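Order of writing sets the chain letters: A, B, C and D. Residues in each chain are counted from 1.
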């Protein structure tokens, strides 16, 4: 028989389940902020954190070049997809656990912590010794079986908002993790699905701000999936910082035109460099620590 | 190690993966219709099939009374939830496998096949010997890990449309099942999430018709979750039949006021009886076999 | 100076303003139904009424052929657009008042009442002697200045639901007409704007049913604008009848391929004839008078 | 007869209609920016412009106090509603032309230009000598009759995005003004209607950026109507500036708790002062002129 909850090497000592948040309460600054550390990188403190990397891990060379690129500009956490949630089963599904290992190597060589998405309950255990944090994608925000399992893991979980989830549903999805004993939750807004079709999704910056008022968890923004338009990412990154949110997750590719997935969505190295430079100026104006 | 794909007793002999459907093709009646049998009940043929039962299995008495009620009115398949996908981890999560077994007994005593929702990859195997068909809920339509696993099962899969999924995404989710070798897919429209808040979701009857034109799979409608309003269910059931769709899935409870979940959404026995009577008249006018 | 409220030849004697409907009340069948007559055609009684015609009046020949086509199949009211609400100012804007007059002639020759859309406060007076009913389009549902003016007219007003309006907003828009003294309001659901892009809009049949429960006004459905797909119109027309709504408004063109606007949305004469035939059968099964 | 296009005292000399914008073109910075002046206040240049005032003009005292408040903090343009687009005809409809005159007086005494909403074609002429700019509200973005009329006026038009309008539809609505000869258009994003209900609407900051890339017109943001939540307005104002947009329109009331409409949406004087202070810092970091 399978005993998922027993044979984790990294199992969280299950404390008493915390009190659920009240969704009906009015926004309050009195909720103590939670600080979540992906290895040595603290999210939810004073600083503004940038998580960056390619949409998908494609090869050793590609993820290595990506890690070097983002590290060179002060990014604090490497991202990349190994298990890919694709709309069609007939498209590239990612390199799987091999991709996770390639990413681990690249991150280590650049001295970065790394985060990658988990799609299946059956992959949690095997990924556990390679990743610094798990990402739950928008399409799995309602996968309560996966969330419950991640509640037993002692690693941070970046929980993307379902693209049709209300703020209340998002916060309750976080509770599915918390109820198992894992308090290390980072929320990530990545765009909601609306009638508006000129951007891929509609980035709900106001919703992210509201979520942050309603909960103790840090909230970061992913403008890459929200818009699918690299030209819009730098101004939205600056907006994220100015609005006082905790960080940013963006897709950047050393050679976007050759990417195996979401090729037209990734920042080019040039746009990325400009964005980081602009963020540095606004962070300084806001008095917030930024980058490495 | 876990080898989900090996130890199913009911494993499907994996055929060559079928050609994917082309989503760009114009609607065509020339796609040969697929007929899916839940035991002896054929969905997708000439007849109009009704699947009914309570939102959740609550007790032996309740599911037994429910099965008797629906059987008495000619319903062909019993439905009921044992593993419940709830928004909050702090609400009733269902009776789990015990609920599945109670439902199996009730169905058998009334001579009905039964269908229930699966939430976790880890439950598929244990449910396999009890259920006649698996339901994948709206919140798991994008759970590709679960879909791939169900592609290896030799049971019909009722795939609800994600409440924010396009028709194309819904049909491609079905392909995640088909690609594993399981062609027994029934599509179920259950309402999409829109700005409109006077009904719980917005039933997309036109989308269901369009989906049926684009694919070979039968398409049924769930007006209970779409509206959350029992007064609207009978006219929408009649509309479903008149529009030429393949069937209906509704929630009915012997005592709705005492239901443990979605209490205000279930048909009362009286509304249910009237609905079945009206459906019988329209089925006759449309020349379609109806009920047992 | 302009005194719009004085020089109408057809002015309604202003009665005391009626009580507003309460939107918070639960659905009730006890609201007495309103019956609205477009000349001799009663909407909101036992019968099922079909309003049909081309998207736009294009020429004397075209509107005459359209009127003959719809009259031949028993349609009770002729529709057609003379003032057209187009997204772009650089596309065909309709024939204006000349189009209204052509339509009046065609309707008279076929013995049909007619309805057409009004776009501007400044056109109400000049249209008044030619039309049997005014249509307010989806894009003008919130044009309260126009609604207030139509409240002073003694002609029926078909008020389309704004494609982003809640039911409550729709019913309150109707009150803007009623408050001026004109109780002859027919509501028309024509699809709402959602993320779903495979149909032009999302037909909200459940919302239309809910609206009918909440108000005394008749409710009809326009599946042409809702879907933009002629293949979907006949099944949705049948669904409208089976659901118990009051009528249907559809676009049909004698030669759709040559239409100046919405060419790909109009029913062909063949599809239209089949639809009317099928409606006749369902109306008979439902015991409802149908067609002329 | 009415000859709206003739008897304006301020009539625009009708130039040849400009070329329509191409919506299919890729975003380009090469479109020359249009600069629109509301009297002496230029929108669309280097500076960041703040337009502020109460939701509605309620009395001489209230609009005077509002004008003094906003002027004291460096706001460049006074806003306020005299003709109010209310959902229900049974609620406060505004003071009408009397409100416009009160606002004119208050603006003059504080040396500010002013802008107010026009709801009816029949009010354009009488408002013309009192206002510095016309606002077209979200609910009238599709009122093409009104837009065409405003195309003949020689005053700036602030065109709010319809809350269910695509960017393309918004830009084409602007063309309805331009085609008449009035190039002085400012676009204003004020939130779109989505499923998300925790904020009143969903502010589409990315859409506003995209619109600005696609057109020559300045683009400003209204976070008051977008969120209906004063706590969210200051961070969204900072985001607007950091994202590089042209300005801001916000509601502020000297005594929000006593406001006759949208009382819970207005900034308090304290929140407003803090917001202006923060904007000043970010404007300085961005090297943009700000406030008077």
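Just so we're on the same page, a contact is a pair of C-beta atoms (placed from the backbone, for glycine too) under 8 Å apart; a residue touches a chain by one contact, two chains touch by 3 or more.
A quick note: this is a predicted structure, and the numbers were derived from the prediction, not measured.
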| item | value |
| --- | --- |
| Chain B against chain A, contact positions shared by both copies (same if over half, else different) | same |
| Relative orientation of copies chain A and chain D, as a Cα rotation angle in degrees, nearest 5 | 180 |
| Pair from A-D, C-D or A-C with over half of its contact pairs in common with B-C | A-D |
| Gap in Å, rounded to a whole number, between the CA centres of chain D and chain A | 36 |
| Distance between chain centroids, defined by C-alpha means - chain B, chain D (Å) | 49 |
| Euclidean distance of C-alpha centroids - chain A vs chain B, Å | 34 |
| Sites on chain C at which at least two other chains make contact | 164, 168, 193-195, 197 |
| Chain C-facing residues of chain B, complex | 27, 164, 166-168, 192, 194-199, 202-207, 209-210, 213, 223, 226-227, 229, 231-232, 235-236, 238-244, 281-282, 284-286 |
| Touching residues on chain A, where the partner in the complex is chain B | 2, 4, 20, 85-90, 119-123, 139-140, 142-146, 148, 162-164, 168-169, 172, 175-176, 179, 193 |
| For the chain A and chain C complex, residues of the former touching the latter | 193-195, 197 |
